[in-house]
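Each of the two complexes below includes subunit A, the first together with subunit B, the second together with subunit C.
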Partner chain A sequence: MDNMKLAKEKVGDFLAKLGKERFRVPQETGGSSRFAPLNGESSVDFTLSNTTVPLKSLFYPQTETLYRYEVGETAMKAPGEADEMIIMGVRPCDAKALTIVDRLFSWDPKDPYYLGRREKATIIGLACQEPRVNCFCTSLGGGPASTEGLDILMTDLGESFLFQPLTEKGEKICQEAGDVLVKSEDSDVQAAEKVHKDAASKIVRKIDSEGIPEKLPQLWDSQIWKKTSEPCLGCGACTFLCPTCHCFDIQDEIEGLEGRRYRVWDSCMFKEYTLHTSGHNPRPTRRERTRNRINHKYSYFVDKFGVIACVGCGRCINLCPVNVDILNILSQVKEAL
Partner chain B sequence: MKENPYQPYVATIEDTWYETVGDRAVKTFKVTLDDPEARKNWSHRPGQCAMVGRLGIGESMFCISCSPTEGDFLRFSVMRAGKNTQGLHEQEVGDKITVRGPYGNSFPLEDWKGKHILTIGGGIGQAPLRPIVEYVKANLDQYAGLTMIYGARTSGDLCFRNEFEEMMKRDDISCHLTIDIEEEGWPYKVGFVPSVLMEVNPSPENTIAITCGPPIMIRFVLENLKKLNFADEQIYTTLENRMKCGFGKCGRCNAGNLYVCKDGPVFSYSTLKNVPEAFA
Partner chain C sequence: MADLEKLRAVAKETVSRDDVKYLIGWRQGTYGFRVSPHFITEPEEADKLIFSPLCSNNLATYLTLVEKLPVPRGQEPDTRKIALMVKGCDSRAVVQQLVEQGIKRESVIIIGCPCQGVVDLAKVEEKFPAVLEQVEARWDDGKIVFKLSEGEKAVPREEVLADKCLRCRYPNPVTADTLLWEKVEAESNDEYADVGELEGKAPEERWSFWEAYFSSCIRCYSCRNVCPMCYCEDCILDRLNPTWVNRSNNISENTAFHLARAFHLAGRCIECGECERVCPVNIPLMKLNRKLTKEVREKFEYEPGTDPDSKPLQASYRPNDQENFIL
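Entry: the complex of A and B
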């Protein structure tokens, strides 16, 4: 399918044509941002930088009911099917992160909750123009205009957005939009390429991950883990807000005569995460927990699923209250290898 | 396994009894799945685990402590240690619990045919070994022999004592019970499991040793098995870590790059000796 173009003044028409209720877009409330339904609005703030809460929250909500039951009964009722979603304005790193998490949730046995939503979602990405100071996507096979995990790539050309459909789902959206979209010119694609190149050149932070997955576990007893975990408060922000972190807890909750079993995001940076009922804890201090976090992302996940579980979005650096910096840890790792 | 792997089966407690008493009492539950279709489709192998719980309280991972050779039911031996296990201990015959699984790999008992099987257990660590014992007992003609060493702190902490005493009467099985400290009237061995292992002095020839128990016991058993010239490939154990899902999603049960729930819980020592967190 040809590349298309959406004039900025027609964004409202685009939303209306496809059905506003289907859209999830970046929204800022109370100082943090996340993807949320349009709420009747007829425009999208495409100037927001990458959302504080990553895209994963739409597919794998922070708290999610697995099934409900009545107290004293044994019948269990799982929630109904997922809604269809068109997610617009996704940053390429977050879409790439989904393709990483997909591997885990598709691993036998498949996760019906996550995959049910995945199947019904179309993802329209927005190429980054102003990467943030701690972005390092280009070190991990991504980039400001990476298309991995996207159905359509949008690029801001000033007066309009270039729409590059990448999958059947993406083409379907373009067809549905009808004459709200117009065909693009060759010059538009060239302009977009320049935008992509300029953005990539603004990414300053880098890590050469070569050799890390294979050799990282050899640094088990290295001083790196004590040193880099010393300032850590164990708040878990680096994992909750990581687009590839997927760990969860399962709990029961009763309210009145209704009960539910739900899953809720958990973090390997918490002591309770691995605490045995006996009181024994295989990862008793932040040293072991930091070591596990880095090993899981940069080595174990690679062993299991063939890809580093990090996309270089920089959130764990930006949002850490005490400036623990994964690139700093990784550069110490590189030195020690 | 169900299409929605998070949704458990409902099971009814057919029988239950205490193995040990006290603060950390062990209670065994014999349960059957309510749904006849599920019961027909359920198949587990010695070494596998299941999530057992109660709606409204929660679920925890337990080894299935019976062998499929024993019949169309499941057994779990549960030590009272926290909220879920307390909830389970309150259940009696006829009560409903939830079960999902089976999870994980299993002891390669088919590959071990023709070999002598040696189990070395301590305390509640005998629970995952019991299915091996039962399986080998039921197919004894296909194995070169069965030797069991089992110990606990006191005679009151021994699980499955009646079953052991029955087996001690047989001359085709070698069975050694021990307690850590001497007690009046105790007719069997006294001493720590690793020392009793040296005393029994099993030959490594054509033998597989499987051990499970407290970490400190496992450490010394491994040392002693090496002294007895057992090769790493002849030694097996089963690991436990905190788990929530049981099938490789929730993240927490890993020891190094191995998920205990999916890659384990059964591992040979030749694998585990290279996993830095395995005995953490």
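Entry: the complex of A and C
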């Protein structure tokens, strides 16, 4: 299908034409941002850089009811079907992260909750123009205009957005939009390419991951883990806000005779994450937990699913209160290998 | 004025002592304006220590955050001291930990750094966005000077200092084994204007204010973990049997968490502002803490962490305490 163009003043028409209730867009709540349903507004603020809370929260919410039950009864009530979603303004790193998490949730057993939402979602990406200081997506096969995981790539051309449909889902959206979108010129595509190139050149931080996945476990007893984990507070900011971290805990909540079983994000940086019933903890200090976080992303996940579980979005660096910096850890790892 | 030579010399001397396990100070971070806590066991590591307007971290939290592994049978526990660099506010945390007997006086060496205020990173990064190179900073007569690659930039302190520093009444360590340089002058007073502003609103308005923030909380517990006064070995939030606070993330459980956290700090919060600084979703937690601090100060004339010989608020009884607010 041809590339299309959406004039900025027609963003409202685009939302209305496709049905506002279907959209999820970056929104600020309190002092942070995340993807959420459009709330009554006719337009969207696309100037936000990456949202504080990554896109994963739409597919794999922090708290998710698996089923409901009544105490004393055997029947379980499954939650309803997933809503159809058009997610607009997704940064390429967050979309690429979904393709990584997909491998886990479609492994064994297939996760109907996550996959149900994935199937019904169309993702419209927005190429980055102003990468942040800690962005390092280009080191991990991504980039400010990476298309992995996207159905449409949108590029800001000043007065309008270029729409490049990438999949059938993306084409369908463009068709549904009808005359709200217009055909783009060759010059628009050239302009977009320039935007993409300029953005990529602004990414300064880098890591050469060559050799890390295979050799990382050899550094099991390295001083790196002690030194880099010393300032760590053991909070869950780095993992909860990581677009690829996916660990969860399963809990029950019962009120009267009504109960539900739900899953909730868990973090390997928490003390209770590996705490055994006996009181023994195989990862007793933040040293072991830090080692696990890096090993899981850069080695174990690669072993199992063939891809590094990091997209270089920089959130864990930006949001760590004590400057535990994954690129700094990885460069120490490289030196030690 | 911060004298780095003296600071490093004292650190070297301290960490060389046989009865000192390690020393905790600050070092330049990996990029931009960031600073990281620096743990040193060897004298040569002291050369990386700094003290500047970027040193926000309250290191007192590491006294109680340390995870002690069980001592193998036949071995003696390591009772060597931990040396700690403190600003005025940080020293209040140490004092309060001492008052509550959370730590023992003989197990710490307190190295005091009189402080002219530390920056609010958000304010700095708004002025100088996207800076990757490591930036040093210093105090200079009412200004904060940043050493950027394109040259030095001086900014009036009011524009970049953390709010807590602009009303700080305790810039000098209230207790210390060594004071590294001369004391600095305190701000005149703290009128709790920020608390007053919220108190002046209708309950519904106050609730919608907090509702937006609490519902955006991701329960990463960075506020709890960074807090030097949150050191219960068995935290109410980690309990599963009974589950006092459910793990589910929703406005009800999140509010329960935030109220529990704030109330457990009543009469104990020393206003270092670390909880608010570290929150990744920017919840203004100090507004909650300071409401309680204000109440405690007005009703009981008590300020935690100011006198090592005092008793904790909840453990002290004075016959002349006011009663007019008791229902």
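Annotations for the structure displayed:
Rule of thumb we're sticking to: the second predicted complex is superposed on the first by the 337 of 337 C-alpha atoms of A that agree within 3 Å, B and C clash if a C-alpha of one lies under 4 Å from a C-alpha of the other, contacts with A are read in each partner's own complex, and residues count from 1 in each chain.
The definition used in the following text is that contacts are C-beta pairs under 8 Å (C-beta built on N, C-alpha and C of every residue); 3 or more make two chains touch, one makes a residue touch a chain.
Worth saying up front: this structure is predicted, and the values here are computed from it rather than measured.
Contact with both subunit B and subunit C is seen for A:249 once the two complexes are overlaid on the shared chain. Contact with subunit B, but none with subunit C, is seen for A:220 once the two complexes are overlaid on the shared chain.
Overlap of the subunit B and subunit C interfaces on subunit A comprises residues 249, 251. Residues of subunit A touching subunit C in their complex: 29-32, 34, 52-53, 62-63, 130, 132-134, 204-205, 227, 230-231, 233-237, 240-241, 249, 251, 253, 262, 264-265, 267, 270-272, 284-286, 317, 319, 321-325, 327-328.
Residues of subunit C that touch subunit A in their complex: 29-32, 34-37, 39, 57, 61, 65, 67, 69, 130-132, 212-213, 215-216, 218-222, 224-226, 238, 243, 246-250, 274, 277-284.
Listing the residues of subunit A that touch subunit B in their complex gives 66-67, 69, 71, 73-74, 76, 78, 104-105, 107-113, 217, 220, 246-252, 254, 259, 261, 263, 266, 268, 273-278, 280, 282-283, 288, 292, 295-296, 299-300, 303-304. Listed in rising order, the residues of subunit B touching subunit A in the complex are 1, 3-8, 10, 34, 53, 55-60, 81-82, 85, 96, 98, 215, 240-242, 244-245, 247-252, 254-257, 259, 276-277, 280.
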